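One structure coming up, written as structure tokens, with questions to follow.
In this document, chain identifiers A, B, C and D correspond to the written order of the chains, with residue numbering beginning at 1 in each.
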Amino acid sequence: MKDIGNDADFRQALQALDPMQQREVAAIFVQHVLPLSGDKRLDRVIRTVADNDASEFELSGALKSAKAATFDSHARCGAEGHWSEQAGYFVARAAVAASTPPAQTRVGGAAWQAAMSARMAHTSMLIDDVSSEQTAHTECEWQYRSLSDYLNAQAEGK
Amino acid sequence: MTEIELLNWARGPGLQIATIIFVAGVVIRIIEILMLGRKPNLAEAKGSEMSAGLKTMVSRTVPDRATFKRSSFTITAGYFFHLGLFITFFMFAPHILLIRDVIGFGWPALPTPVVDAFAVITIISLLAVLVNRLTNKVMRYLTNFGDLLTWFLTLAPLVTGYIAFHRIGFTAPTLLAMHILSVELLLIVFPFTKLMHAFTLFLARWYNGAISGYRGVAS
Amino acid sequence: MTKDKIMQDEGKIRQGTLGEALNRQGVSRRSFMKYFASTASMLALPPAMLPVIARALEQARRPSVIWLSFQECTGCTESFTRAHTSTLENLIFDAISLDYHHTLQAAAGHAAEAARVAAMEENYGEYLLVVDGSIPAGNPGYSTIAGISNLDMLKEAAKGAAAIIAVGTCSTYGGIPQADPNPTGAVSVGEIIKDKPIVNVPGCPPIPVVMTGVLAHFLTFGTLPELDHLGRPKTFYGKSIHDRCYRRPFYDKGLFAETFDDEGAKKGWCLFKLGCKGPTTYNACATVKWNDGTSFPIEAGHPCIGCSEPDFWDGGGFYRALSMPTENITKTAVYTAAGAAAAGVALGAMNRAKKSASNKIHIKVTIDDLEK
Amino acid sequence: MSASLDKGINALKQQVDASVAAFFSSCVHCGICAEACLFYTETGDPERTPINKTEPLRRIWKSEYTLMGRLGKLLGLSKKVDDKLLADWETLVYDSCTMCGRCSMVCPVGNDITLMIRKTREGMAAAGHAPEGLIGASKRSVTIGSPMGVKLPALLAQVRHVEEDSGLKVPLDVVGAEYMLLLSSMEIMNFPEFIEAIARIFDKANASWTISTEAFEATNSGIQIGVSDIAAELVQRIVDAAEKLKVKTVISPECGHAYMAIRWDGPNLVGKKFGFKVRHVLEVLDDLRQQGRLTTTGMEKGKLTYHDPCQISRRGGVIDEPRRLIDMVSDNFVEMPDHGKMNWCCGAGGGVSANERADEIRLKVFQRKKDQFDAIRPDAIVSACSNCRIHLEDGLEEYNMDIPLLSLTEMIAEHLGDDDRAGAA
């Protein structure tokens, strides 16, 4: 399978995955930006999401935790915003996307949403950093690579 | 002073004094309000100021359903006593004679027993209004001396009018004089209390309607 | 009743009881009782009292009565002489000794005044003083009799009176002479005499039987009838015209005559709108009526003018309804509004000046000005 | 550091006009406004009755602009406005009022109580009695350009992200564009997908648009804290940018007070009519819909309802537009009781969300919204104000309700016809 090098391919590839695979890939994306959040709940969320054997009950608990993490970390209107903290918010949103059941997932699917939020987390981290110009693309490139690896691994597994 | 002299005083000099204070007060207050002026609105309009203002002047008389539910007692009692006041004052034949004498024209009266019944309803609803004012915690919090004074002075002409019509207690000239004097008292305090809302509510409603209407909202 | 008869009887019947006098005149005890039945009913006395009254009256001594007429129109006397019970005036005039009444007496000039003085001396402390007409207190010269001002004559006559009966609205409340602007400074009897019992019998004129009724009461019991707060006999003045008016149901229903010749007037509807003062007038017209119970003004289609109430002449006009102001309120309101508009504009200008001064001293609020 | 009581009193004097005088003259203390205010209905505290919040302004009106008040003042009888009063009233005027305007809709004599509270804030702020949170937001707005401290690089980073995500160009500083989009800091920080939604909708509608790098911030702390001078300065920045870029229409984003600030207060704050139009994004979308330039495919699953942001609906006049837009993508739209111009506020507008002191009461009064949602139990709530959205999410979480919040603009963008993602919801 050829390597993924742009968003169109990336999205197509993600949407081709079944729900379980979506969850796995989403977990990979979130895992990568997890250090940007200080919220310990998200570790558990991602562990659950990545777990093939997680029960529906466990998953809904994970979603709940992830949502709580979102509400606790968003910037409040009019309050001074800190982009480094805002990165945590987007990590939480990525976790929400990853743990949302397929029936409720909005456009693009769970993995795509998680990927977008993870990128925003990465972007947020870099906003206060003057050298951000050079590193802005690193997250999506990493995601392309990770997806390619995952797909290759899947192909080999069969 | 005999009771007839008192009555004649009430019908003559007393009424003159009350009229002067009432008219002067009301005119001054309305001019005071209007002359404060309002800056023209420079934002691009989404609706008409004038027609919305005029509409709200009328439409505010009827509360929306949910508001009525939340304040049903206040609103119902308010309706009854305002309607009752209106009917007892404007629809009683002797009053219409007075009005015709002052402004030059009148209108047909309601049958006296109907007005009489409304007087009772009005008195009862005013009592209910007071109970409400003293028990509803918001109203109790807002209530000041002026509220109690105007309540009393609004009730007084109704009660004196009722007992004067039914000739209870005192001789007729005394009763009639008391009735007229109670109205004069009402006229005198009118411009300096919240009773002014009888006039200014039309301004207030117009402004409210105009402000909303300009933005395309029917208020 | 003629003047001659009164004067003729003058000397003869000054002494003796009423019963004797009546007998002399051929009045049977039966007709006497009949008269008293009607009077008693007007006085609201229980029927059981009748024999008592009759006996009392028969044995009563005829009191001396001095009748003073001041600023008056003689309407009261005219009314008095038209008491409708046919024998009533006779009875009354026979029952009293009318020693002075300058309209009715035959004597004139010094003789008349001498009769008055004589009666006052002879019956000092016992005579009844009847007064009609008001007294010019402002300038006593406006009305004098035989060179004596009304004021002096009243004071002098009051001194020896057992009681005073003020007959007619002028003597009870000042009446028409006192009407605005009251050029003579007219006052009522009650405003001058404070130390004698006064019965007020107001009306312009009073109903004749009311006058005779009061006399009858005095004759019967030797006392004055029960009076209300205005000194009027409660029996006759206890209810207002309105309370007893046969047109009252129309008032209660709100059916009014709007003019003197509209449908309402023809149907006999309430005359309130035409200025009827019945609601505030206390008198017996609606029950006793006039001219032998024939009618009374409202029955004749005319609103009550309230003649038996104080200041009835100054009530804003006979044809202005009670609920109308007595003065021109419209003019007052218009002038006031014009003046107030000017004052309001001045106050408004002050407000505007104050506001623009506030705008002028306003210093732009920057983010550095948000804390103290 | 120069706020003073005198300045506050002077500011209040400046605020009294004919409407205010008519309003105060008409109040009969009926208390009906209390029942329209969620800060009263959910706390039962009569001090929070809307008309009571205007007491400082009322005292100034009475003692300065009425005959009897002037006489009373001469005799020393009038009630004074002093620092104690203003200090006591601070939590009523700022923490217990979102200026949602509901009281103004129910007052039987027609008092625009909200307007009076807005005016009262002018005096409070000038006297140094504004809450810390709003002072901070105002300072950041003026010095940084955003109440939340969002600087241009942050916007550029988000724009770049959006461009990558959507493959579309986000035009910056394009002279002569038809639309100039403003953004709220909330959108830049919390909901950058809004920018993407706009990019995609306008691309589809073939509309020319741009974002000014000099004035992209839509919010205006000045009108929240109640300092017209500051509000005017912030509005002027937008006016300057719009004139520089010669745009036809400035678009106010999904933010309530921003719309009030630029659309209705803006020209009056800077003292002149705008040479361009100002529209709320929903008005623009509805226009595009009407012109046939905005078409959608697919329908939303589940029952939707719309939370009217106060400043956009009741105080702003954008009421029918969102409903027409929702109808495009939903056949299961249900109104809450008390919707549209009578909707209940989320509880966080008017600067309340920027005022940390008000956090507790803000969540307490959310009970009102909960009751409203409970009445119809929607599957999702659509709104058009980022602040409402964030606070509704907060409140739903607090009250253990799990209902997703959607941005109307973003929802429409998800249903753009030829997109491969359409109908995925």
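Basically, contacts are C-beta pairs under 8 Å (C-beta built on N, C-alpha and C of every residue); 3 or more make two chains touch, one makes a residue touch a chain.
If you're wondering where the values come from, they're calculated on a predicted model, not measured in any experiment.
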Could you tell me which pair, C-D or A-D, is linked by more C-beta pairs in contact?
-> A-D
Central chain, going by Cα centroids?
-> B
Hey, how far is the Cα centre of subunit A from the one of subunit D, in Å?
-> 32
Distance-wise, how many Å sit between the C-alpha centres of subunit C and subunit D, to the nearest whole number?
-> 77
Using mean CA coordinates as chain centres, what's the subunit B-subunit C distance in Å?
-> 40
Could you state the distance in Å from the CA-based centre of subunit A to that of subunit B?
-> 67
Note: subunit C residues in touch with at least two other chains are 347, 351, 355
Hunt down the residues of subunit A that sit against at least two other chains at once, touch-wise.
-> none
Scan subunit D for residues touching two or more other chains and write them down.
-> 16, 65, 67
State which pairs of chains touch, listing all of them.
-> A-D, B-C, B-D, C-D
Which residues of subunit D touch subunit C in their complex?
-> 1-4, 7, 10-11, 13-14, 16, 64-65, 67, 125-126, 128, 130, 135, 138-139, 142-143, 225, 227-230
State the interface residues of subunit A toward subunit D in the complex, per the touch definition above.
-> 7-8, 64, 67-68, 70-71, 74-81, 83, 86, 89, 104-109, 116, 119-120, 123, 126-127, 130, 132, 136-137, 140
In the complex, subunit C touches subunit D at residues 347, 351, 354-355, 358-359, 361-372
Contact footprint of subunit D on subunit B as seen in their complex = 28-29, 32-39, 41-44, 46-47, 56-57, 60-61, 63-64, 66-67, 70-71, 74-75, 78, 136-144, 147, 192, 194, 196-197, 200-201, 203-209, 211-212, 215-219
For the subunit D and subunit A complex, residues of the former touching the latter = 133-134, 136-137, 140, 147-150, 153-154, 157-158, 160-161, 164-165, 167, 184-186, 189-190, 192-193, 219, 221, 224, 348, 351, 353-356, 386-387, 390-391, 393-394, 397, 402, 404, 414, 421-422, 424-425
